[in-house]
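As structure tokens, the structure follows; a few thoughts come after it.
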């Protein structure tokens, strides 16, 4: 496969307000190669989630893409009509959301939510779709999937629900998965399991991952390359190993230094002084 | 589940008894029952006899108990004004009110829900904005004003519809009369039912719209879109169901208040129902009727509340699980 | 190889002049942004002023029997060919000038509206404060009563209270006491909302540090409630009061229309409409039309303002 899977060039996202347009993303550019894991890291409000939303075309108004282009598998997707975009969403680009508690329809069975997603993207019959749904539940590590498939979201624990969300994101076999803070809402003990599940599954199915998180530790473990975002721009982007060892941008340097380690004996935790400029 | 049901039932009975006691207090202590019932010439001795006959000299608790037990058997005493049993008076007028209330409720739901859904899904369309404007009018204008305006337009100016009464009615069984089977009956039903329904209709419309907009903003709708589901699936399979469930509660309670609002409508259109009877009783201080009406409305509301709670529990899977564990 | 980016530009400065600050003010801006809301505001102000100044701007005093002549009754409005130029909006069945009657009717409708809202708020907020602060049995009792009352529509309760009051009062005093009875009935039917809001706010506030500090100093409970907790509760209460005003006006108009409100000797807009309905078919349309239009305008305007206020103060919609 030639060329990057996802190519973002000079992406500019603005919010229309009474006082004029607010620039939320200012000239963001990056590529993701097929099968690679790109981490996107930064503080809250830096624009990480917005980037993901812009890629799949789900920016809520008053936000809009004001410039730049997004290419997926060679073709431009930032200016597609919604009907075409819908085929790409879920089917070729999957999304893992942050809060599994509120992201699953509480009044619908898990199985139904899975089968409808599969049916939306694959030409299968109802029964086949259901069988695939059960298989997926098993793949994400839910015990006795054929029994639990008819359960409601509130009957699952937080970690289980996130596994279901991962299944929902992958069940149509997309080539790219955008994982927006997949572990932030989970217990620390569960986070590691979910991250390793994500890593294994995407590797097995050959999907690339855009892993958005503010947890540098997760990036270090999981990502191939990483983009550091700050105030709507990419401050630094490169191979994870290189960046960690030899950060060039002062913000990245601050980030690396701020990670508490057990090895170094220090009296105070490092902080990056000041705050990000508000929009 | 059973425990929950029993608790709700007990609470309902409690409310009924409380209201019953209030009704009793009204009945017994507002004005003097005996003096209301007899003429001026009746001697003091006859009054005392009547008092004893009615059991009015017994302790208050006993009287209250008797009142409640009688009420349970639909015996509400005799009207001061009409000198007839209150129960008979109410029964004669109940079909008129119930028919009106039913037609109005169906109208309100059948129009309100689709309008609300449309207004939410096509927020920026001209029609949706029209609905919003009309809904503001429907909710602002007092019911009686709408009735008067309708009469002016359709009865006085256009002369299409009758302005008072029920038209010809057909008797069904020993007790029920219906206006649905005659042309004049149906014609007479149109304006009153629209008047009565308008407030509820706009309320339902606004509620459905607000609730649906709220649902459409939720995370699970966003995730459904992110999974590439069609707009149709998102709107109707996900959003609609989640919208209607909280709406059920409010709608159910509102339907009960239709019977209360019928008082106004019946007055505007001279509709021979219970509401008109109640109003006359207020103007004439006919306390037995007032007390009976109060008790009846209370029962109606309590029953409706109970049914709505049950429906809510049956429909929302989160409740079922919670109750099965409780 | 990693790449780095260039530093960002500086952000814009907030306004510093008064005009600039007014323009920045969200509330004012949202008010002015909607033409409908501004129109509603203007109409409300006009009607309020008309009601307030009624004794001075009304052409005649409609309640002075000496100036009403039955021979003048049923005169059409002055802008119609057969009309009497003295009466801009015509006269009613008693020979009263409609314009004056409407102005005075507006005045009394608004008076009852404000008084009953004040009464309802007074009772509701007091009970809510006490319930929230005391907790325990008091709280349960008050809330239980509130729940029972909430199962019934307010108008029904107002009707019932009205009826009971009339039954208890001497029929000779009926007309004079109508105002007080109405204020009482409507006020009592609406207290519950205030109580609930006040109670919720109180329960939040009573655990705050400043309340604990006040208790430590030894301030009495009453003092704490009224000087400290009450100001924090007033915000949401004001919003409810505004919305309730329209409801109170409607309720009064309805009760008057039904014949259990203000009598024809001291009519409110509702009473006038009731009188007018009797003459719909005989052609004197002005007796019902003008009061109806006034009432409709008043209620619509107040409701629109209430809607705007509620949306503007709702933090979630921002």
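Letters are used for the chains, namely A, B and C, taken in the order the chains are written, and counting of residues starts over at 1 for each.
The definition used in the following text is that contacts are C-beta pairs under 8 Å (C-beta built on N, C-alpha and C of every residue); 3 or more make two chains touch, one makes a residue touch a chain.
Small disclaimer: the values here were computed from a predicted structure and weren't measured.
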Worksheet item: Taking each chain's centre as the mean of its CA atoms, which one is farthest from the centre of chain C?
Response: A
Practice prompt. Could you let me know which interface, A-B or B-C, is made of more C-beta pairs in contact?
Written response: B-C
Discussion item. Measuring centre to centre with CA averages, how many angstrom lie between chain A and chain B?
Written reply: 52
Worksheet entry | Rounded Å distance between chain B and chain C, as computed from the means of their C-alpha atoms | 25
Discussion item. Quick check on chain B: which residues sit in contact with 2+ other chains?
Written reply: none
Discussion item. Can you tell me which positions in chain B touch chain A when the two form their complex?
Written reply: 218-220, 222-231, 233, 237-238, 241-242, 245, 316-318, 321
Response to the item:
In the complex, the residues of chain A that touch chain B are 56, 58, 82, 86-91, 94-95, 97, 99, 102-108, 116-117, 120-121, 152, 154-155, 165, 168-169, 172
Discussion item. Give the list of chain C residues in touch with chain B in this complex.
Written reply: 148, 151-153, 155-156, 159-160, 162-164, 166-168, 246, 250, 253-254, 257-260, 270, 273, 277, 280-281, 285, 288-289, 292, 295-296, 299-300, 303-304, 307
Response to the item:
In the complex, chain B touches chain C at residues 15, 18-19, 26, 30-31, 136-137, 139-145, 148-149, 151-152, 155-156, 163, 253, 257, 260-261, 263-264, 267-268, 278-279, 281-283, 285, 287, 290, 294, 297-298, 301-302, 305
